[in-house]
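Have a look at the structure below, then the notes.
So that you can tell them apart, the chains are marked A, B, C and D in the order they are listed, and the count of residues begins at 1 in each.
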Amino acid sequence: MPLRVAVAGASGYAGGEVLRLLLSHPEVEIGALTGGSNAGTTLGELQPHLLPLADRVLEPTTPEVLAGHDIVFLGLPHGQSAAVAEALGEDVLVIDCGADFRLKEAADWERFYGSAHAGTWPYGLPELPGHRAALKGTKRIAVPGCYPTAVSLALFPAYAAQLAEPEAVIVAASGTSGAGKAVKTHLLGSEVMGSVSPYGVGGVHRHTPEMSQNLSAVAGEPVNVSFTPTLVPMSRGILATCTAKAKPGVTGADVRAAYAAAYADEPFVRLLPELQWPQTKSVHGANSALVQVTLDEHAGRIIAISAIDNLVKGTAGGAVQSMNIALGLPEALGLPVNGVAP
Amino acid sequence: MPLRVAVAGASGYAGGEVLRLLLSHPEVEIGALTGGSNAGTTLGELQPHLLPLADRVLEPTTPEVLAGHDIVFLGLPHGQSAAVAEALGEDVLVIDCGADFRLKEAADWERFYGSAHAGTWPYGLPELPGHRAALKGTKRIAVPGCYPTAVSLALFPAYAAQLAEPEAVIVAASGTSGAGKAVKTHLLGSEVMGSVSPYGVGGVHRHTPEMSQNLSAVAGEPVNVSFTPTLVPMSRGILATCTAKAKPGVTGADVRAAYAAAYADEPFVRLLPELQWPQTKSVHGANSALVQVTLDEHAGRIIAISAIDNLVKGTAGGAVQSMNIALGLPEALGLPVNGVAP
Amino acid sequence: MPLRVAVAGASGYAGGEVLRLLLSHPEVEIGALTGGSNAGTTLGELQPHLLPLADRVLEPTTPEVLAGHDIVFLGLPHGQSAAVAEALGEDVLVIDCGADFRLKEAADWERFYGSAHAGTWPYGLPELPGHRAALKGTKRIAVPGCYPTAVSLALFPAYAAQLAEPEAVIVAASGTSGAGKAVKTHLLGSEVMGSVSPYGVGGVHRHTPEMSQNLSAVAGEPVNVSFTPTLVPMSRGILATCTAKAKPGVTGADVRAAYAAAYADEPFVRLLPELQWPQTKSVHGANSALVQVTLDEHAGRIIAISAIDNLVKGTAGGAVQSMNIALGLPEALGLPVNGVAP
Amino acid sequence: MPLRVAVAGASGYAGGEVLRLLLSHPEVEIGALTGGSNAGTTLGELQPHLLPLADRVLEPTTPEVLAGHDIVFLGLPHGQSAAVAEALGEDVLVIDCGADFRLKEAADWERFYGSAHAGTWPYGLPELPGHRAALKGTKRIAVPGCYPTAVSLALFPAYAAQLAEPEAVIVAASGTSGAGKAVKTHLLGSEVMGSVSPYGVGGVHRHTPEMSQNLSAVAGEPVNVSFTPTLVPMSRGILATCTAKAKPGVTGADVRAAYAAAYADEPFVRLLPELQWPQTKSVHGANSALVQVTLDEHAGRIIAISAIDNLVKGTAGGAVQSMNIALGLPEALGLPVNGVAP
């Protein structure tokens, strides 16, 4: 009997991508779909690419509507997930695509989000050491942010192997879907096409402490992160260019060996052959991450670059991958590994 | 035991897309992959989005390499398919993604392609009346051109129901992958981004007689086609805007009824609800076609618009759909129906 | 002494483009800039590309603010121009970038705009027969719609020379700036990139009667127009593909001769050499229009295609060109003729 | 009497942009236009956006053709400029848009370009301390690389004021025109649209020593540069994200003051108001650079970001600006300051 899944926030980009993936998942059945201001609208108007669900009508996001499901995905504005999860009870697998339960330190949460800390749930990035075990059997999953996913996959092997100094400098390019479906002038097609623009510069982007948390945990020391995100003219994809000074004596072979070991058995991360660099299009629509690394000997820095689809590995795919682990299903079940290119 | 498939021309866009779809198909196993000048190169360098095939090396396109497969897809330059098919023998299912066997009239072929007519194979557009039956059990399939697929799906119900005068005016917008992977200055990103450009104007595009052939067959009278293709700044997708004068007395209800009937049971074509128009992004990466139609009473014209992904429903997806029919498999097996959007 | 110019609606795309052009115009001085909800904001925040005006603050659109200028450009929502123009008085040159005064027939206006007809002003498309004369010395100019500009330039020579049957079928592709700066979900970058979408299909787009008006006037008979606009993933540019049946006996040479004669002395329209087709990028940022035409003998249709920048020749450039004529200045003064490409 | 200008390499992107700017320059007259394999072709086919030059035919790049001009712009492949310049003689102003004469250290040249060092010419980035003086009256100008222009403008004020540690980490995003007009598979529109891709990673990009040279000169100590360029889906524009550790005790106010002082009187560089960040579209087609800077106190790094148009301020505009200085003309003569946006 299939597992019954509800999606709260089905009109947004994260919710839509969760649905696209679930429609190809052999063990689930799609139940209630809810929206905020879009309740009452058909999904065909809001997500015309999800053909089998075109006639489904969005319901309001209430405990009653979400009740009676085995799994509930939440794609809600910050601060709303805790109450919904509590109402669902402890037997329901709740997967929060929002930020509410990602950070361990209340001080980080309060500084970057300006509200009270809701708590911490098992973190849905199975590739990080120890996380796969923590996800098994859990009923609560905090889906990582898209940038922290890309950055952590690019850098954690270097930190786990003690190869890099604890100061990372990261510049990431993201497609516009990362900014969500809310209508804002600077996200208009006329504004973004033909333009690259930075935002959240100077250490203020909310994903910064999440990156630092992930890298510090594997490094065993606090890793300070300088993070600059930029918006580029494409719908999907993140390319994270991550650099850190190499610790004294580290060689290019050390770096390569650490990454090869870290990703030898990962179903969704591919360390590219030397000299080939990742590009976002290769993972468009896929749950895969492409990673490459090199040592710039003149600058003395490790340069690690990852490419993911922000809506798949960076959100909905990571969520479903973690769901599979939590439920004891094959980890890769129902998830696309090939990008849609060109 | 899975069916063993070879792909000749695996380095191109059509070949790459055939592979992407076959990787998700439960009944096939990917055998030989061949290329022309790219023989000897790994697929990881040529098609980095096809992760499971990254280490496969392209072989030369020879009868020996292609022998021993149940199915062979051909993505070859015009004029090369006949010899390859003959060498493969009559028991192998040969699916030609090129143009060689699409046209029935030798005169049409000679006028538009400037060489001798190779023949005519069953035409892989199952939605056209009679074509599904012709594909069952066949060992030879001519995959339609991408524009003729989009145009035929948009217009055939009007002609089949005798609603339209036999002069169609069609303007289609296509993503650049339709022009293939050959390097030409006008296909450079710097040239195509921010630009729309027509080409093959004035009745000279090679897909024109193929459209006329398809529409004439259902109309029962020769349908004259004025076709203008344009290149737009996106990788994939075709939007075909097709208009024809309505025959006297035809009403909007007649038009709608004809289309509703034509597509009521089609797994890959969706007639949109009234007032909603197709957009190419909704079918990005999917084998689906979205169709909408209206009667402009002031102009007296039927306006029918379809959106497809030129590489999926317009090439590789149509090929696999036809393969499924030919082999007696469920027609939709292994084919994506949802677009990757946004 | 320079002419003093005010721009009402300076925060929008049309207003911004008027300013960009006026900043290079040797005979004008930029006075008041007004906005609606943006009054009080610096232009540097709203139009960061207009560096010399970055510190200017938008004022509210009131008669007091607009008073005391020689020329006033209006980039206002439909229905607001008449009152503003009346308050300015008869000595001020008022140039309306909106639709209010474009249509001659009140019935057309009421049917397509759903409000009372404001009147008709001299129409700012100097290339149309007789229009240049009507613009000389005028104090009121109705700037044409962007699509009617592109379509009229593509087709009027054929109609003026009695070469085409009075039924035109037009499909146009437009960049998203044509839809303005208002925030709407379907105009988000995430939605438009990678997609082509039709809108206003079936004879309901408001520019339809304006095209018909222009073509009918030169044809000397009513020209029925079937018009389908599509949105393509670029910021600027219109490519209009316009076809009409050739009248009996018309030859390709007739067609070419008519276009060559029509555009022999036009400073901003270039009839391309045979076989070269216009692309929008060639006129990006320029007031130029590129036109090409051919006779499809098999289909019996004239195919005429034009490319313009919707914000320049299609709006602000056409406005400044008409301003030059009205003021007795050299027609091309201050206007860019070269596109910014690639 | 106008100065007579020849452009060698007029079919490429740099040459085309030089011509676009010269067409608006009041003191020059365009003479010979030359090309390599394109000699004999009209400019209308190669650069259809340059309407007034459409009928000009490219000549071969020979000393005879280039003789008799006051100014010669060179847009030639690496290694060809020295011989051409020598043949022209010392009285002709030769402006090399290529790399041959940019680097001071022969060792740098040999390491990154793999050939013998041709020499060093005055460097056409007038905003760098001392460079304006060096350009006055010169007959030889080395136009800077596009990335070094963007990076130097972003970072030199910090180094000139001794605010930054001598290790800079730079990630830059560039439009595809920076890669030139040569046809390569990875530059096809189908490949670049929807994708971000890094290249020249790990300290191997040829612009790296040029950046280091510029920053070291103002810092008075060697500045080590880690540089990662990425290709983004747009035709034009560079966004350079440049960071360096702040020296001990440096405050945000120090940083701001240094930049405000550096750019107070520059005609083409605008330091944005605090909190507003540059975007490439604002300078599309313009010779302007937008710069913003902040101090990330948590990370202890100065984050400086610049946006330029790689073909204008990054190549042709910087060349014309330097030409104006060399000739004693007003520095900004004929150069566009406003971007073409949206």
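The rule is short, and it goes like this: contacts are C-beta pairs under 8 Å (C-beta built on N, C-alpha and C of every residue); 3 or more make two chains touch, one makes a residue touch a chain.
Note that this is a predicted model, so its numbers are computed, not measured.
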- Message: Among the chains here, which has the CA centroid at the largest distance from subunit C's centroid?
- Response: A
- Task: If you tally contacting C-beta pairs, which comes out ahead, C-D or B-C? Let me know.
- Result: B-C
- Task: Using mean C-alpha positions as chain centres, tell me how far subunit A is from subunit C in Å, no decimals.
- Result: 45
- Item | Interchain centroid distance [CA atoms averaged], subunit C/subunit D, Å | 35
- Message: If a residue has to touch 2 or more other chains to count, which residues of subunit B qualify?
- Response: 13, 177, 181, 188, 190-191, 193-194, 233-236, 279, 281-282, 284, 341-342
- Under the touch definition given earlier, write down the residues of subunit D that touch subunit B in their complex. 13, 175-177, 179, 181, 183-185, 187-194, 233-235
- Within the complex, subunit D is touched by subunit C residues 13, 16, 20, 23-24, 44-45, 47-52, 54, 177, 181, 193-194, 235-236, 270, 272-273, 276, 279, 281-286, 288, 290, 336-342
- Query: Along subunit D, where are the residues that touch subunit A in the complex?
  - Reply: 167, 169, 171, 173, 188, 190-191, 193-199, 201-203, 224-226, 228, 230, 232-237, 239, 241, 243, 277-282, 284, 292, 294-301, 303, 305, 307, 341-342
